Amino acid sequence: MTTALIVAFTYWLVYWIDESFSWQALVRPIVAGPIFGLVLGDVKTGIILGGMLEAIYMGVVSIGGGAPADAYVATALVVTYVIQGGISLEAGVALSFPIGTLARNINTLVLPMHAYLIRWFEKFAAAGDYKSYSFLQQIYRIVFSRLFHTIVIFLGVWLGGDAVVSFFNVLPPYILKGLTVAGALFPAVGLGILLTMIYKKELTGFMIIGFVLVAYLGIGTMGIALIAGATALIFYFIDAEKKANASSSKGEELF
Amino acid sequence: MTQVVKGLTPQEKKTLFRITMRSNLMNGSMQAIKRQAMGFTYALIPALADLYKGDKKKMAEALQRHDTFINTHASFGAFLLGLVYALEKQKAEGKPVSSEMITNIKASLMGPLAGIGDSIFHITLRVIGAGIGINFALEGNIVGALIFLLIYGGTFLAIKYPLLKAGYTLGTNYLKDLFEKGLVQSLTKAASILGLMMVGGLVSSLMNVTTPLAIKFGETSVALQTMLDQIVPEALSIITVFVVYKLIKRKVSITMIAFGMIVFGIAMSFLKIM
Amino acid sequence: MTTALIVAFTYWLVYWIDESFSWQALVRPIVAGPIFGLVLGDVKTGIILGGMLEAIYMGVVSIGGGAPADAYVATALVVTYVIQGGISLEAGVALSFPIGTLARNINTLVLPMHAYLIRWFEKFAAAGDYKSYSFLQQIYRIVFSRLFHTIVIFLGVWLGGDAVVSFFNVLPPYILKGLTVAGALFPAVGLGILLTMIYKKELTGFMIIGFVLVAYLGIGTMGIALIAGATALIFYFIDAEKKANASSSKGEELF
Amino acid sequence: MTQVVKGLTPQEKKTLFRITMRSNLMNGSMQAIKRQAMGFTYALIPALADLYKGDKKKMAEALQRHDTFINTHASFGAFLLGLVYALEKQKAEGKPVSSEMITNIKASLMGPLAGIGDSIFHITLRVIGAGIGINFALEGNIVGALIFLLIYGGTFLAIKYPLLKAGYTLGTNYLKDLFEKGLVQSLTKAASILGLMMVGGLVSSLMNVTTPLAIKFGETSVALQTMLDQIVPEALSIITVFVVYKLIKRKVSITMIAFGMIVFGIAMSFLKIM
Amino acid sequence: MTTALIVAFTYWLVYWIDESFSWQALVRPIVAGPIFGLVLGDVKTGIILGGMLEAIYMGVVSIGGGAPADAYVATALVVTYVIQGGISLEAGVALSFPIGTLARNINTLVLPMHAYLIRWFEKFAAAGDYKSYSFLQQIYRIVFSRLFHTIVIFLGVWLGGDAVVSFFNVLPPYILKGLTVAGALFPAVGLGILLTMIYKKELTGFMIIGFVLVAYLGIGTMGIALIAGATALIFYFIDAEKKANASSSKGEELF
Amino acid sequence: MTQVVKGLTPQEKKTLFRITMRSNLMNGSMQAIKRQAMGFTYALIPALADLYKGDKKKMAEALQRHDTFINTHASFGAFLLGLVYALEKQKAEGKPVSSEMITNIKASLMGPLAGIGDSIFHITLRVIGAGIGINFALEGNIVGALIFLLIYGGTFLAIKYPLLKAGYTLGTNYLKDLFEKGLVQSLTKAASILGLMMVGGLVSSLMNVTTPLAIKFGETSVALQTMLDQIVPEALSIITVFVVYKLIKRKVSITMIAFGMIVFGIAMSFLKIM
């Protein structure tokens, strides 16, 4: 139970620090792995496992609030199971997937609580009480934001890896294979959310061009960023010039 | 876009700095309903305090104006904070800046900025940082984590203040242009172009949905994936994104979609289709 | 002569079916080969020869009405010569080229007949007699469309492959080599016709870009189709917006 | 472009279906003079019959209006059939749709549609289908022919009705837009852009005109083709297409050009230039 | 001293001929090398050395008047040093770099002289005396253009390679390495000058696209020239159409 | 742009030819102050002599008008000579062609033409010619020099007259268009687009600034260059060009910059940074 308390507290503290920058950096496996390794007395294993988990979770990022798995919870529990429970590194990595996917849904479970807190903010706003508004923001993030996650971590460590491991061992192989397949689909969630935010049918052509440049020419994300930025610049100035001409009948030119 | 405001008053500088600090908590009270509504408002409060301190009613209006759904990249969102600060200032000074105008600008720019920010940080820099760092990590070398923090985390922090200032400068110096010439629209469109091109690219670089199905006739067999690749590579990835997009549009929840993917994945794997 | 009748009838029938969909599918060597093989009692040879001929005629397609060789006539005769005349597969393939090129010109020879039929259509149109117009369309395609081709096939089989082979054997090697060179030039015919239909000097730039994407970046036809479609979309919406702004002075925006 | 017409009447549906069936004979009376004039008119007759049945004079006008040179892709041409059906309908209903308007639309869209259709069917799908099928065929496996029929032939047929309906929908719902805003022009231009980019690409992918000539000095020799490739790859292919284009413009017949190519090829091969 | 005179005269003559076409062709190492070899009686060495120097100076061209090294002076002296002074080919090539870089600055040293001559042109122009203007152009280019360069060549040959070589031999290795580093930076001079002449911030996007096409897709200079030409054409016609629509309210279309 | 003037008079032809001849001396009195001012004026004199022979005052004005800073590619500049000849002719005939107009056109086109000409000749053709020629040269074969002269030097000369004529034709036939429709601006913009895209490409193809620096931690080490390449390849080259551009804008002389580079290079090599 001491271990459970330590890991849970570390989970909360690191999240709190990371979140103080809206950073999503300390909570990545590659950083969080060593930290949990440190508090559990085996930094090296933490580092290595962090690297292994990062390799898997590299593409699982929170876009539009839509990460399909919780890499941070998975890292916390898996590092603990390996160091304390003595399961192998590989088994730990295999475990990380169902854990991460299940953990993602804590956010959904605590939604009613969040909905309740939102109403407080609205009250302060209506009263023009910006000081209380600010204060609540602090309370929210420190106390409520990861309350349940922390409890889950505590329970997960307390109940122990054995229970979890034995559970996954009885699963037929196509289940784990299926989770891998699902993993390949997950990034579509974030992209889908982004699309609902920015898609306009008139601009479909640009999306297709971005796709072709990567799929057919393998131009890489940075290359596509440069091309996209350049294209945006070009169309911005075309548009700006058009607007300038329209508003001033004198027909002055931007370029 | 990134001209330096020459005559920034000490007061403005101080406020900009305080907004930057507070913008660190942008994701602070994130939830699925109003997302960063509170984080954004919280970050803007130094500006609102300056402008509406004496006037409870205007302060309440401003707080309520911003306490609404917003979702953008935590670091690129700083640009929007700067722009909105400038707008609020003009409004407080009696310029014809309506509440709707401010809301519209927020609504139209948050998506594109998210697209750009997510692509650069969540995807490009994170992957580069992790890619380099992982090699060290696998050898048990803590330097991996530090490299990751530097490449991804360092730029993430470093970019906030400049973006905030750029947004404020644009809002202050070019407001007249922005509205009269419809440049906000142009800006939004350009940002959408940027975002959409990157999303198009990400479909291919981020995803890799394939099928092991093969059609066998006698001795020869044709892999379905090979045929698909010859027609449109990553066709299955595109279809997946499109289906998810349609589901979200029809208000299916993210959790439902994620669970559906797991069920679907297990079923496909059971049937040996994927 | 029975063989000649069977092959000629098959030629006519398969063409008729294919043409009932404006399909240009059954008449391709890869499909027609097996069919002629079937009626001649050696499907396997038909299939293989069809594959070999398809490999050669893959790029010879009717664009703008301008195919430079008749792959269908070549397939009919070559399959017959190989199965009935006992010449080797390779010799058959070599023969296909001069045969196909010569056969292409039957269309030109029968032009006067077509010109005559056209006038009938015009008469029915002028009389508003759409029923006779429709009826003539059926007669035309069933009876006249391939009348002479069918006769040529009949004669070609009747006179036999030997005559044709011995004719080509006396040719010096540079002749066949020259036909290969000509084959490399042929696709220019279809492309040239297409150009006369769509080329506008103001759009030259787009043609160059399409060229560079394939010639320098090897992007493939489907990739170029996607890029071209995307570009067309972009310019369509730009144009549409411009038109919208021009027609409504209120300056409403499409995007 | 492909919105579904919600209120399609049973009569419209029936006519559209009958046009689709008849469009199968588009290439039916193809010849070098008026190409698909009769095939196109034949396909349109169900529509004309509906609209002008009672009126011999109008029917004659309509038949003559369409019994003119047209050359387009047999399957993509369905889009044009749909559009023209819509136009004829508006005209019959007394809307200001002139005869010239219909003729112009046909003339301006037939080329681009041919470019798109030929590229997709005659070139892309046919080559993919044949490429996959040939391997089977060379082993004596009939599956090769079937795969070819499926990939090329199947899509060819499947696409007709949707395209016809899309054309009709566009013509019916957006006619006002199409004319008032000059969108037909925009459409033509966009289609031409699409077609020309593909033709540009096809010059490189479809053709491969080379020369074996080499310049020898002492021991070292320079292949002319290597030099050309360094300047502009496929330069000879481009020149060939350009020459053919000019010849056709000068009314040289296709048969003459094809024969000329054979004579030229034999001469070049005799002289060892090509 | 005869050699010095011959080499210096050759230098002046070849420059004069080359400059009669504003050619910058004869003065390239690959051509000048053989010429100096010829007058020094060892064409072969001249040819080979010319090739070696060309390989090094290939990227060193005069853009915007901004070549960072004088390849022609370097060629003249190095070929002479190798053929007459008997130093090795490799040593000659190594020498060429400091020589070329130093020689570049002769132009700067003689600037006052040029400034003086400029005023003469201005006088003739003010007088409308186009004949004298033309005459002065001839005098300028024949006599003054390379006067000092020719003297430098004369001195360089007269003093001999030994002096120069022994000077460079005492240099520490990082100096020559440093010159190579500088050589990699030099092309930035020409590009920087070009940019000051054509850069407009509204067109930045096009520059970025050009960069990406080469840096990420390796499209080559000719490919980029085609793409750039095509893009320029497209935007020219867009612009022209816009202008046409604006000037004629009848809204006639260019395309 | 390259239409042939049908009715070119013998006088015009003669003048165009003489300008071509004289344009060979374009770089003749090149110096850092007014660059090709005199070479350009010298080349134009046959035209000026035709137009203003009798009129000393107008001749003086014309000479002074052109005896000003100009810097362009010696061979592509011929296009500008042709255009200016046409403008001077219109002016001499009393058309409303002002002196400023001529100066503006020269100023706006000289840069783009330099960009195009330098890219094609100084860089592309020279490198191709040299690349092929060097192999011969290294074997002691004189053919290398000849190939170079042919590929680079031959095209350089061959292109002058056609470009001159094209410029003159454009100026003569489309002058009305050019001014009334603002086509000179369009032309300049198009030429700038062309030039800038090529300069963008040249940064990558012409330059290759790298660093051998590596960060070592225990056994593993990361080459800084590898990291830079993953973010933006040729990042150092871009920075170098940008710094030089800024220095030139701040009036630092080319000589200073070149010397600075040598000092910098030696320092970097001493410190093992580059």
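All chains are identified by letter, namely A, B, C, D, E and F, in their written order; residue positions are counted from 1 within each chain.
Everything below uses one rule, namely that a contact is a pair of C-beta atoms (placed from the backbone, for glycine too) under 8 Å apart; a residue touches a chain by one contact, two chains touch by 3 or more.
Quantities reported herein were computed from a predicted structural model and do not represent experimental measurements.
> Keeping to the contact definition above, tell me which chains border both chain B and chain D.
Joint contacts, listed by label: C, F.
> So which has more C-beta pairs touching, B-C or E-F?
E-F
> With chain centres defined as C-alpha means, what is the inter-centre distance between chain C and chain F in Å?
Measuring from centre to centre gives 49 Å for this pair.
> Which whole number of Å gives the spacing of the CA centres of chain D and chain F?
From the centre of chain D to the centre of chain F is 43 Å.
> State, to the nearest whole Å, the distance from the C-alpha centre of chain C to the C-alpha centre of chain D.
Result: the chain centres lie 13 Å from each other.
> Counting only residues that touch at least two other chains, what does the list for chain D look like?
131, 135-136, 139, 141, 185, 189, 230-232
> Would you pick out the residues of chain C that each touch at least 2 other chains?
In chain C, 200, 203-204, 206-209, 211-212, 215-217, 219-220, 222, 226-227, 229, 231-233, 255 touch at least two other chains.
> Taking the top-of-page definition of touch, could you list the pairs of chains it picks out?
In this structure, the chains touch in these pairs: A-B, A-C, A-E, A-F, B-C, B-D, B-F, C-D, C-E, D-E, D-F, E-F.
> Okay, in this complex, where on chain F does chain B touch?
It is residues 217-220, 222, 227, 230-231 of chain F that touch chain B.
> Which residues of chain C touch chain E once you look at their complex with the stated criterion?
Interface residues on the chain C side: 200, 202-209, 211-212, 215-217, 246.
> Please give the residue numbers of chain C that touch chain A in the complex, ascending.
Answer in residue numbers: 217, 219-220, 223, 226-227, 229-234, 237, 241, 245, 251, 254-255.
> Note which residues of chain A are touching chain F in the complex, please.
222, 226, 253, 255
> Once bound in the complex, which stretches of chain B touch chain C?
Against chain C, the touching part of chain B is residues 185, 189, 230-232.
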